[in-house]
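Below are two complexes that have subunit A in common, paired first with subunit B and then with subunit C.
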Partner chain A sequence: MSGATGLAGIYVPGSSPLHRLPVGVKLLGLAVCCTVLVLLRSPWAMGAAALVTAGLYALSGVGAAAAWAQIRPVRWFAVALFAVQWVMAGLPTAAMLTSRLVLAVALAALVTLTTRTSAMLATLERGLRPARRLGVDPFRLSLLLSLTIRTVPVMAGLAVRVREAQRARGVEWSLRAFAVPLVVSALRHADALGEALSARGLDD
Partner chain B sequence: MYRLRLPIVDVARVAVFAALIAALGLVPGLNLFGPVPITLQTLGVMLAGAILGSWRAALAVGVFILLVAAGLPLLAGFRGGLGVFTGPSVGFLLGWLPGAALIGWIVERGGRSPGIGRLLVASLAGGLGVVYLVGIPLWALVGGLTLGQAALLTLGFVPGDVAKAVLTAFVARGTQRAYPDAVPAVHRERLRAGKEL
Partner chain C sequence: MIDLADVHVRLGQRDVLRGITATLAERRIGVAGANGSGKSTLARLFNGLALPSSGTVTVLGEDTRRHAARIRRRVGFLFTDPDAQIVMPTVAEDVAFSLRRHKLPAAEVTRRVSAVLARYGLDGHADHPAHQLSGGQKQLLALCSVLVLEPEILIMDEPTTLLDLRHSRLVAEVLRELPMQVIVVTHDLPLLDGFDRVLVLDEGRIVADATPESALGHYRKLMA
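Coming up: the complex of A and B.
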């Protein structure tokens, strides 16, 4: 569980130097690393970057399983990219571009793995503060984010219940028979929630 | 003092739709077209457009993207975190923002009872057209590909996305018949009437 959000995040608890770095520093570091990755031109430099990334993962102590879970989703993209580039541009270019893609994903994932979801959310919210000058109410924005986080489990539960009802009616195969009741229930929930909030005087 | 005030009933609607988009990614995928399960997450995005209207839908998608960036594994397949934003599919995720907005814009112009044809055109234009328009160039940029190559590698997703756009149109129509307040124009009228009371 990731504290304030009440939803399990990707964050892996730990006390490594990476865990202890302030979020802003990690984000800046990530931006620098990604820029360097784009600028690298030789396979040797890319190999060094891979070693540095592996070293950072070892330092963080998040474990191989957590690392793989972050890279796994891009594996088919990486394979397709490697194949296309090999045919079009040759093996060295294919290896360079594919490693660059995988390393950028791995480094960005490392920031998330070592940062509490609540801390990241607070930093992102702070980043949105200038929107105030455009006329956005920061309190409403915070309310919107916390309401959403609280509503995710409610909607997941609703989806499971609608699925079960559908099974009972024997229309299990129909996506429409799943989605229409789900969306109507979601809207009913939203409008009841809105009335409850406005009854508590949040709409002045 | 804040010009872009969202009525509290709409704060609730936007939050619930952002949560619905997340929940649809958590529901196990359905195997309709062979071994690759299709997830219903994009259905949630397109429905947000058709039901919330343009900028409320973009706001719901924006909240969802923000939570993904913060590290909640809400993207289909339990993905999340900053890795998504340096990966190949970043454009297809960011494209949901203008995509949902365009769907909402087209549906809003359909008045009190948007027809199935309009809903279908909206879902295809926003859910496929705009999303690919943002997704393919960014995929090309991340992968060092030409636009043509990136487009070619995206072709495999087209059948599933078309199926979801068609499904969106029918689900939106069904929902708006069962719950008239799910039509953006009707909802706006009701809000205005509420203010005058």
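Coming up: the complex of A and C.
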């Protein structure tokens, strides 16, 4: 469940300059940094980018554990990418491409580590206001995203419970015995969530 | 105040509630009854989450059939399972979420959220992931998310079913101090100590409507 937990509880409280920056500025900065990473051609420049990224993490004060937790999910992908690129295009290209990917992930993670989900969603809602003319309801869209984020640990918890119930009954592995109760539980949760949203006045 | 006039609820082929008539004006009202007796459906009638098949439910002077959404803004509802009520990743964000449609200034939202979290002992958890709280803390968070809207009536549907003894006691203490009218559906009979009135349901009908001692005595006989 650690991945699920990480996704839903990614924000690290703090009062660093990065925490205080407006979300729009952080997102714009992330876009600029990722573009610069793509344009870098020299290993020295990439090394400097790595130092800048490390410096930003130090400035944010989120801690090494939180930083590593963001990079960890892509570690095997990065190793595989490095190996394939080394074979196909040589060591310098493999090193540049892999560094670019890892730094882009680290920078994106830094934005989420220093930004509350609600602030991110409020910015998204504001950004989507012009889309009202096309029939898009920004509030509903941001609600959908927040529910998606919130549902990840709930679904992971349901899966663990179903798996434990299976094992308790002596079934080590059965796709049907796993999927059916999981789908039923997920639908029940969706019903209850819908009712709870109505009860909180979000049904109009 | 809630008025029920000859309320019937039919779900599929089953009559869940049959001819309920009552005026609920007391400050603390309990509802007890066996599983499947219609308690939760009755609770859902009080804020328009369920509508009567026939008869009328009037809450704070408004008919739930015509003004359900408006009534829900005045009547808070606490469910059994807090996991189904928490929609935002962190504690403070979830409480603030309740206020989103009120378009309050950010400073006022922060003030109200901080006040309600402090009141119920969750201020130290404001930035914690909501799903990592204990069951009791989650139920308190769900309660905070309802109370931040300052409802005029609060409905609680089996609020202590998933809680341990300590957290059940905590909910009971919180309940005693709430300023608004509270209607609690529960199997946890000690929770109804000191209540003004208790209704006992059996097979969709009110079979006892009295003080807790008298009504729960009837309920115990019914369950014997």
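Assume the second predicted complex is superposed on the first by the 136 of 204 C-alpha atoms of A that agree within 3 Å, B and C clash if a C-alpha of one lies under 4 Å from a C-alpha of the other, contacts with A are read in each partner's own complex, and residues count from 1 in each chain.
Quick note on the criterion: a residue touches a chain if its C-beta (ideal position, glycine included) is under 8 Å from a C-beta of that chain, and two chains touch if they have at least 3 such contacts.
In this text, all values refer to a predicted model and were calculated from it rather than measured experimentally.
*Asks:* By the touch definition at the top of the document, which applies to A:V154: first (subunit B), second (subunit C), both, or neither?
*Replies:* both
*Asks:* Which touches a greater number of subunit A residues, subunit B or subunit C?
*Replies:* B
*Asks:* Using the touch definition from the top, say if A:L197 reaches subunit B (first), subunit C (second), both or neither.
*Replies:* Touch status of A:L197: both partners.
*Asks:* Counting only touches as set out at the top, which of subunit B and subunit C does A:V79 meet: first, second, both, neither?
*Replies:* neither
*Asks:* Once chain A of both complexes is superposed, is A:H189 in touch with subunit B (first), subunit C (second), both, or neither?
*Replies:* After superposing on A, A:H189 lies in contact with both subunit B and subunit C.
*Asks:* Now for A:C34: first (subunit B), second (subunit C), both, or neither, which partner does it touch?
*Replies:* Only subunit B; A:C34 stays clear of subunit C.
*Asks:* Could you tell me if A:L101 is touching subunit B, subunit C, both of them or neither one (first, second, both, neither)?
*Replies:* first
*Asks:* Looking at A:G135, would you say it contacts subunit B, subunit C, both, or neither? Reply first, second, both or neither.
*Replies:* first
*Asks:* Does the superposition put A:P13 against subunit B (first), subunit C (second), both, or neither?
*Replies:* Only subunit C is touched by A:P13; subunit B is not.
*Asks:* Both subunit B and subunit C contact which residues of subunit A?
*Replies:* The answer is residues 5, 8-11, 117, 143, 147, 149, 154, 189, 193, 195, 197-198, 202-203 of subunit A.
*Asks:* Across the complex, what residues on subunit C touch subunit A?
*Replies:* Checking each residue of subunit C against subunit A gives 44, 47, 49, 69, 72-73, 76-77, 79, 81, 83-90, 93, 96-98, 100-101, 127-132, 145-146, 149.
*Asks:* Please output the residues of subunit B touching subunit A within their complex, sorted ascending.
*Replies:* Residues 2-20, 22-24, 26-27, 30, 40, 43, 47, 51, 59, 63-64, 66-67, 69-74, 77, 79-89, 142-145, 149, 153, 167, 170-171, 174-175, 178-179, 181-182.
*Asks:* So in the complex, which bits of subunit A are touching subunit C?
*Replies:* 5, 8-11, 13, 116-118, 139, 143, 146-147, 149-150, 153-154, 157, 189, 192-193, 195-204
*Asks:* What residues of subunit A sit close enough to touch subunit B in their complex?
*Replies:* 2, 5, 7-11, 30, 34, 70-71, 73-74, 77, 80-81, 84-85, 88, 93, 97, 100-101, 104-109, 111-113, 115, 117, 120-121, 124, 132, 134-137, 140, 143-145, 147-149, 151-152, 154-156, 158-160, 163, 175-176, 179-180, 182-184, 186-191, 193-195, 197-198, 202-203
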